[in-house]
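Presented sequentially are two complexes of chain A, the first with chain B as partner and the second with chain C.
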Partner chain A sequence: METTLVSTFHKWLTSNAHAPKLGGALAEEASSILAHRDFPNTRMEEWKYTRTQKLAQGDWKLTSGEINSDPEFELHQETAGTLGQTYFAQVNAALCSGSWGITIPQNEQIDEPFQWVIKTHGDQAWVQPRIVVRANANSQSKFVFHFEGKDHSFCNGVIQIEVADNARVEVDIIQDNADAHFQILEVNVEQGKNSHCNVVTHTLDGAWVRNNLHMTLNGEGSHAGLAGFYLPHAQQFVDNHTVVDHRVPHCTSNELYKGVMYDHSKAVFNGKVFVRRDAQKTEAYQSNKNIMMSDHAVIDTKPELEIYADDVRCSHGSTTGQFDEEALFYLRARGLSAEGAKQLLVSAYVKEVIDRSQNETVVNYVKKALSQRGRIIADEI
Partner chain B sequence: MEILDEITGKEYEFGFTTNIESDKIPAGLNEDIIRIISKKKEEPEWLLEWRLEAFRIWEKMQEPAWAHVQYEKPDFQAISYYSAPKSKPKLNSLDELDPELRKTMDRLGISMDEQKRLNGIAVDFVMDSVSVATSFKEKLGELGIIFCSISEAIREHGDLVKQYLGTVVPRTDNFYAALNSAVFTDGSFCYIPKGVRCPMELSTYFRINEAGTGQFERTLLIADEESYVSYLEGCTAPQRDENQLHAAVVELVALEKAEIKYSTVQNWYPGDKDGKGGVFNFVTKRGLCAGYKSKISWTQVETGSAVTWKYPSCVLKGDYSVGEFYSVAVTNHHQQADTGTKMIHIGNHTHSTIISKGISAGNSNNSYRGLVQINPSAHHARNFSQCDSLLMTDTSGAHTFPYIEVNNSSAQVEHEATTSKIGEDQIFYCLQRGLDEEQAISMIVNGYAKEVLNKLPMEFAVEAQKLLAISLEGSVG
Partner chain C sequence: MIEIKNLQASIGEKQILKGLNLTVKPGEVHAIMGPNGSGKSTLASVLAGREDYEVTGGEVMFNGKNLLELAPEERSREGLFLAFQYPVEIPGVSNMNFLKAAVGEMRKHRGLDPLSAKDFLALVKERSALVELDGQLAHRAVNEGFSGGEKKRNEVFQMAMLEPKLAILDETDSGLDIDALRIVAQGVNAMRSPERSFLVITHYQRLLDYIVPDVVHVLYKGQIVKTGPKELALELEEKGYDWIKETVA
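And now, the complex of A and B:
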């Protein structure tokens, strides 16, 4: 059965309708591959816990959306990046609604972060932004990608980051989606020798979010950091799929994802760590922790290790549980209300992830936003 | 390096064949073959129907491809589905056994006399497709315990079999379970009556002997209220260049306050050092903790088979029921194992524990795949999982695929996994104290696996330790 999204998507392709498209070759390649790919469904291992029916049934209208960048950039046609592996990354390549390319020159240290605010508002709006970052050797830079989704809309974004030898890149992704917004985001990071890249995903509110974060360590001595939190409420759905691919020796990676599940929400976590045959002396750590606040919430987690080298230190851990009764009692005994005590514990729990961000502005913004919504208690109190 | 050569050259100890005349039906699988099997076994009509239905289900199914293993798919029409040592009159005691058969059993180390000396393990011996001997039947009979081959149980305790067969592993469960349901030829049956604590270890020994056959046994074990049983299972096969298929189904049912301890030492022929031959071990094992405070514990030591696809599971339906899974899986040469467990929490206050230790050597791949599912109805469920992997060479692989699905807020689920190799400092420490490298590795590996080996009954623990040593000694340089 052909779903609406698929047919909409084919309509766009065949009619060659006016759409802000990418340069030819990549889009054509993507369309020809997509013609033979099935729409993701729960029979596929990667989508086992993620329902795509509602997304598929949406009658989406491709628009360029409202995207503000700071500092402002020109739309680049040349810096298209690569095709990507996942279905939706290829849909993005085939029908991109706007692309930005930015190159950080060699030896350049830029303290001010580059920022994008990507808004997808209005019923049936469909935005497919693509951002390609190249951080040349010995450079240092910071990036913030702020997604804001509202109404019954769909944002399918791709961010590709190349971190050259000895470069350092800090990435913060803020997701603030409400109502019936669907967001799919693929972040692809390729790292060179002795490089450092840290990606923190702050999912403030996620109506329906699927994140694919793929970090590949291609150069010796590099480090990949991955962190994220999700606090889904009501019927919200948040899905984080991450891959850390250790291809060469002497690399390290550290991953921490934490979630607090309220109401009827559902979250999915899937973390893969690959250690290839020659990637000796790898150190890879992965952790996923979840707290269940409601009997109706669901968490499906699948931390995976696939290891083909023997001289490595790898571990992963996953926990799901409740707050320590003793900790709650301790706080109650000091005069906090039941609600207040829980909130304080959630604050401490989530801040561990937020603080992994190296961007102070983002840290403050996220903490403020969460405390305004009553999720955590701000530092000042 | 010398040690390495010695080990890689190590022969499979149980690779002999026994020259016993056998009754074997032609290869192939269709409804007529199933009718022949059923007729040969003098089965009642309901079972034939049950088998045929399973066959029809199987025909519509596809072989699963999600496991982290690669192998050439078996040709199901090239297998003979029934092979039995030429039928003899029914025996009253083991002393009347065919001398050839007795010799086989002696070579496998299951000398009946020895068992008696060890003060009692009742053994059911299944060769190729049929059960050939069961010991200690009378003694068990006095307590009301039924322990016999499943064929005999179908004849003599049909109602019990009919009541439970396929209730834990339905015919529709998976490809191999459907196949087994259609063509299973023998296996063990055990029933422990209310309040009885089985005084001895019950044991089944499986052996594939004939070439060109597959083994499809079915085990059904029922522990009635407040009973206890410890059950052991061992298996070997001759050395052959072809891949033989073993697709068994094991069903356990534990009623209120009953406890079943099920231990396996799996040592099917793993193929030679170039990965030629070996047994495909595609097994469905599942236990149902049906009653309040029931308990099922799986312990497995997996050293054999070319390809293993096996997930002994527990369905924790009764409140306060307990499921346990302890596993040591060793792979060497070109062996591939994808093994683990499923813990399905349905009842309140259900607890499960998973301890899995993987050891990969040679060019092998060893995967842990496990599911912990906390259903919305399971309040205060608790799970602890630990999966450790030890890598012995840089050409082997160790993988962990845990699936955790939590649908209840009062659940506590923990999972942790580590992967490492034997530390040089650990070996150095042992060498310093006068052990040679071989002993040091053996000691470290045994220490690593001890948590699981300790769960085995004493007689098996000895065998398991020996097996570990054979499979691994010296495989690190």
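And now, the complex of A and C:
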């Protein structure tokens, strides 16, 4: 284990020396930093509950993967965006497999969502996509990032979104990962004055997922929405680390993550909310709820509030439990099987999160996918 | 319809039903009255399959099947319906989705094709009218934010949707004002038929003015201690349960 710490990146760099990648100034800067950074491990606070050995041991082969966008975008010639703080954001910058940029012009209101479907298939396949969005002042736009991972593969994505003054951005992330796929996704949102950004993370299946969602409120009167659900089963692992950073006064944030834990699955929720000294009149709400469907599932949940201003309204809460036995009996007494009754309760439970998405197509897609997998019963009437 | 022989049941260490015998034939309405703590709700819960109770003896045959061996959902599909004394609020689960699932299970069990969305909605409209249930309630979450009267009407509405062979009404009159009582009874009466039986569990005679029983039983200390025609309810109302206690003692 010790030997893999600093040397892991070097190993990946060497074995991908001839792989097609973008490079550029940002990539070089990232490489030089990573040469001295330890590989994330459970001794680090940010990775306390997340085992990374199998990821570090992987002999990943960088490929461009199968990435489709609608509409189509030109690829950047070199790695775009900013370096980022986290280890894997920098790994992405150093060995970027494809980088797209899009700018929504000022005052444009675009109803049709921009979509990316990012597939990572095949043993040892390693895809490192990078998408950089700038939504200019007064614009409105929607984005969908649909990840599909299979086999023993690894997708390490970065999405950077800048939401300018008075702009409105809706983001849906769909994660549909099977087998021994590893996904790390870093989403960074920077918001200006009176802007609105809502990010909903739909983890349909999460073989091994680590999400870092970091939203920074830099302009007064802005709002950040964060929502996500996870329904891991078998041995699946889903980790959501979120940060909401209130830097200026009069901003609001609302965060809701819900989990349904089956079989031997494991999940982590760590939500940090910072309210800086100047950020008076902040309203920040955070909630994480988990339902345990099995005695063998594990959830580590850790809400964290750091408040340095004195005139704020903030709350956070975390609950973990089982379904109300009385409700289950009521449903069974009306003819629903124990399984069907639980499905109906899970449907209602998860629906609260799915419905936070403002993209009707995504909402319908997600409900249909979950109902086909027998997790929920989709509304039919 | 249902034949209960020497039924004994307990919760924890406490024995509540102590050898209960009762037979209900198709089309009959039986009332079960009794003082608080006599075992009325326990009987309803044991018949519906609530797992908190342990059956320690006796047998229950329901249309030729050993009821006590069936899971709660199997009992329901076989045609047993329990109208809860305290209907459960289930936030987020729409009444319609729930009913569609319940009706679907019932029809599947009876070998019937699933109802089309159109036929289902028509049935909802027809049956909710029986209990004057506002159409909007059907679209809300199960019992969430319903008044006491609305919850009980929703129970009878569900009964009407599921068309059971035997309906057990567990103190359906509790917490109802006189208008709600009349509406609930009207719904029940509309569902009376020569094939359908009812077991009306109540503390008061009042409900039986509206749902007129064929037979009245008095339950006391876990046993049926007196059985008579509908006039027995009136006699009980007049003389009070102390009369029974003295008679039995």
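Some observations on this one:
The rule we apply is simple: the second predicted complex is superposed on the first by the 355 of 381 C-alpha atoms of A that agree within 3 Å, B and C clash if a C-alpha of one lies under 4 Å from a C-alpha of the other, contacts with A are read in each partner's own complex, and residues count from 1 in each chain.
As a convention for this text, contacts are C-beta pairs under 8 Å (C-beta built on N, C-alpha and C of every residue); 3 or more make two chains touch, one makes a residue touch a chain.
Since this is a predicted model, take the numbers as computed values, not measurements.
Looking at the shared chain after the overlay, A:E326 reaches chain C, while chain B stays out of its contact range. In the superposition on chain A, A:I173 makes contact with neither chain B nor chain C. Once chain A of one complex is fitted onto chain A of the other, the partner contacts of A:G335 are limited to chain C, with no touch recorded for chain B.
By the touch criterion defined above, A:L345 reaches chain C but does not reach chain B.
Note on chain A: of its two partners chain C and chain B, the one contacting more of its residues is B.
In the superposition on chain A, A:E306 makes contact with chain B only, not with chain C. By the touch criterion defined above, A:L26 lies against neither chain B nor chain C after alignment on the C-alpha atoms of chain A.
On chain A, the surface touched by chain B in one complex and the surface touched by chain C in the other have no residue in common.
Touching chain B in their complex are the following residues of chain A: 45, 49, 261, 277, 280, 290, 292-322. By the touch criterion stated above, chain B contacts chain A in their complex at residues 66, 68, 376, 389, 391-421. Interface residues of chain A facing chain C in the complex, by the touch rule stated above, are 324, 326-327, 329-338, 340-341, 344-345, 347-349, 351-352, 377, 379-381.
The part of chain C that touches chain A in the complex is made up of residues 48-51, 71-73, 75-77, 82, 84, 87-88, 90-94, 96-98, 100-102, 105-106, 109, 117, 120-121, 141-142, 158, 162.
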